[in-house]
Amino acid sequence: MDRRRVNGPPGGTAPPCYASTLSGKTHPSPKRTRGANEIRKIFLKTGLTPSASGSAYFELETPPTNYSNSLTNRTSALKLTCTVHGPRPLPRSAPFSPQLLLSTRVKFAPFAARQRRSYIPDSGERDLAAHLETALRGVLIGERWPKSGVDIIVTVLEGEEDRPWDALAAGNQNGRTGGWGMMSILSGCITVASAAITDAGIDCVDVVIGGVAAIVRQPAAPPQLVLDPCPSDHEEVIAACVVGYLQSRDEVTETWAKGNVTASSDGKGTTPMGFNALVDQAVEAAVAARRVLVEAIRESTEAKIQSSQAKLPDKLTSV
Amino acid sequence: MSDRKGLQMEFSYVRCRVAETLPLELAPGSPAKRLRAAGNSQSFGPIPGRTKFALQIQHPPFLHNGNQNNSIHHRTTPPTFPAHTFAKLAPPTYLTAHLTSKGVPIRPSGRSPTQFRTPTCHAGSLTHAHGSAVVRCGDTAGVCGVRGEILRVEDVADYRPKMAEEEERVDTEMHSFQNVRREKREDSEEMARLGLLVPNLELATGCSPTHLPGGPPSTLAQTLSQRILTLLHTSNLLSVHDLRIWFRPPASAPICRGQEHEVMREEEEEIVKAEVKAFWVLYIDILFISLDGNPFDAACFALLAALCNTRLPHAWYDADRELVLCSDDPAESKQLHLYDMPVPLSFGVFEGDEEAKGKKWILADMDGFEEGLCRENVTIVVGEEKRVVRIEKDGGGNVGGRDMRRLVELAVQRRREWVLMLRDGPP
Amino acid sequence: MVNVTLSPLYRADGSATFTSNGYSVIAAVNGPIEVQRRDELPEEAAIDVAIRPAAGVGGVRERHLESIIQNTLRHVILVSAHPRTLIQITLQIVASQDDSLYPGNLPQAASNVPVLPALLQASILALLSASIPLSMTLTATLISVKENGGVAPSPSAQDLEAATSIHVLAFSSHGDLLVVESEGYFTMDTWEKVYAKARLICHGEKEEDSESEDLSMDTEEVTKLEDILKDAVRQKVAAEYRWKQSPDSAAT
């Protein structure tokens, strides 16, 4: 019971339970249609929140299955917004800091996932925020803003799901460990935050880009390395890795890997499947996404220059 | 652009008038410092004394740094401010200068005092919500997601079925306005008692520098949630009939329950046997992405657009499993029926700066800048047939009983615009 | 029946109870007192309103009422007289008609408007009792509109349940309309009728050019709210200055 919000009925409510998932009548689960080293289309736009110093919106393309004939067979597409507030002076009470203090927050909207999410922050959000902070900290040139702080806030309007509805309803996990969707979300968070920071005009050594790669396995097939996995497309995800990558310096600011990497390198396949290969592929994904980010930044900068030129006679008036 | 040009003349007029009557008493360093503070912080309020900023207009050292190539020009003729600096230094004067310009009052945004922003909307973009909309109203933007969940009757403490009343209601075929109103009132009372509509408004998304996450929802967010909650219940926007999930004995064919009253009357015998087993609870979450004034109107637009877009899956009670089941077939899902479109219009009353005593301007659909200067607020919500659903007003005594009719007229005008957009707009 | 007590609490700077129409509120005012740095306003007094419901702890409903009252009092109190201070107003709802309207638990979505006049009235009386400088006083009233379009002042719980719309209006002592909270379905003609009636109840006189003849006949029986409040204050002052008038009582 949250006294500061409007609460639902005290008896509690349950999400809808679909008859088809109980009867075992499953819809064909979505399959990956793009190539193994192809990433999804990205939509990126900066300047959505004029009152913030910087802001950006990030969206992945909607999978075609969403127009199918079942409500349970819909796959979400990642949608993120990010606002940057600052750099601004730290409160007087704060201790001296020679560098820009970075604070990151990641928040899921209540409608971001299949299960309604609470407004109260959970550990997943805190995890994401901590990873995002590591990815960004090395990128900002913090010495240029002593005694100041900057807030970076990412709102997840729509996340990614691991399992299709039927598995969820039956409580049957099929050996899938949850949380693969978090990898894509983190990668998206890094990219969108980077765009918003650029929009805010905070000095960085380079733009940092998120990229994900995963080792996946379809039943009766050897494991495969793919870029930008959509977890619901794959029967089993063995391992996945996110990187925050700076291309111009060839540096990785953040890695987050999950799963069992050694189990997949059975040596049979021609592709090596070790951890290094996974990271390399994640970097590949980041390099591919970088083009979109650079394009979005160029677009918004051009728009800014144009509008400031148009305003110029307006600004410098005299009597 | 052309009206902006005209306004600059007004600014310089204000500037001269102020400068002439000034005692030059401040240390030269301090005004610039004050200005820098104003430039850094968005939430910087009005600068107290007029005398202080006027001095800066005379000696703006920072301008010389910023515009090297213009410095000579500035020294010969006193420079004026860029408009946005003026707005930050002396907000009331800035707004008054606009509103008193050349007899045609115009707001800094270029709108006339009673002109409201036209919203844009994109509905149905969220996968996991049963209905959703992304709306933008000027620089205020928000996302609304409507999600249905199921409340079983067993989970309601002291649930009283309303069967008897319903029968009676169907029998008496009086559909005068009063009877319809009474039904609606009973409907919304039941909805309120069960808590079937759960609207929440979230501002802590960094939508403006004053709304950062961390900590509980602000008073503003709580007030707005409550206002939307009461609006949902006092207007006959939704009916509890469409939220009931029925159990019908196997003999009767499953028919789609809903807003068709004809069907209800035909199948009367079955209604007696049938039983309400559960209710849909609508969780309505409105997140602001960007806030530039008037969150209530924008939230209402997002809410209406999302409800227009809401389709609940067909649901029934399965006696064998003792479960409420839903069909996953989109063709069987039902569009939520909206019985009315309550459309709000908020106003603020601006009383001018110190020199404009006794004047007042009623500004419709304020942006963030104007909101900071207006203490008296009026919100009017109108429904169909020019009936008023809500009037809210507080914070001052400038808008009297006689002004109200004019404001309601404006709200009716806006409703016409919104209804067209919501009903006929792109799906 | 309106019942007013001034300064029933001894530890607060000012206090008052206001009972009318089944709603009873006790208000306490402290101020001007020191303000936390974060809430400090450089040019005026900060006003903090806290509402405690009759049962349970406050929630979103109370926050909404608080913000209405805070906005109104900021206009009424001469806030510029006490810059960088805090005026704290605590309102405890003692009795309300919610119990009879909603037996059992009070739903969150229940209307919170009917208690507003008592809250406004109690807070203004407590401010008077605390001698906070005010630019005006205010009077507030609750009116419901029946299904036949009739206007019912001081509605009972049954009236509220059957009403097509309910209205709260508050007027300043100058006769200006300060607060409106109207909800339900109504036409502007109805609202204007309600407005005229409320003005009559609160302020006593009609607006110069209002043409509502139907109200003129019951002008006699209505004691205007303003006078009731004035009387209460006058009696209190008289009681407190009794020692001045009669030397005998002062001696004992």
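By written order: A, B and C. Residues from 1 in each chain.
FYI, contacts are C-beta pairs under 8 Å (C-beta built on N, C-alpha and C of every residue); 3 or more make two chains touch, one makes a residue touch a chain.
Since this is a predicted model, take the numbers as computed values, not measurements.
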| item | value |
| --- | --- |
| Farthest chain relative to chain C (centres taken as mean CA coordinates) | A |
| Chain occupying the middle, per Cα centroid | B |
| Dominant interface by contact count, named by its two chains | A-B |
| Centre-to-centre distance between chain B and chain A (centres being mean Cα positions), rounded to whole Å | 30 |
| Distance from chain C to chain A - Cα centre to Cα centre, in angstrom | 51 |
| Two or more partner chains touched - positions in chain B | 157, 194-195, 222, 225-226, 229 |
| Sequence positions of chain A contacting 2 or more other chains | 4-7, 10 |
| Set of chain C residues in contact with two or more other chains | 60, 63, 105, 108-109 |
| Footprint of chain A on chain C - complex, ascending | 57-60, 63, 105, 108-109 |
| Of all residues in chain A, those that touch chain B in their complex | 4-22, 48-52, 55, 57, 62, 66, 69-77, 79, 81, 83, 85, 88-89, 105, 107, 109-114, 116, 119, 151, 153, 155, 157-158, 165, 314-319 |
| Chain C contact footprint on chain A (complex, rising order) | 3-7, 10 |
| Touch list for chain C against partner chain B, complex | 42-43, 60-61, 63-64, 66-68, 71-72, 74-75, 102, 104-105, 107-112, 147-148, 164, 172, 174, 176-188, 191-192, 195-196, 199, 207 |
| Chain B residues within the chain A interface of the complex | 1, 4-5, 8, 12, 15-16, 40-42, 67, 70, 73-74, 77-80, 82-83, 125-129, 132, 139, 141, 143, 145, 147-152, 155-157, 194-196, 198-200, 202, 204-209, 212-214, 216-217, 222, 225-226, 229, 281, 283, 285, 287, 289-292, 313, 315, 318, 321, 323-331, 333, 368 |
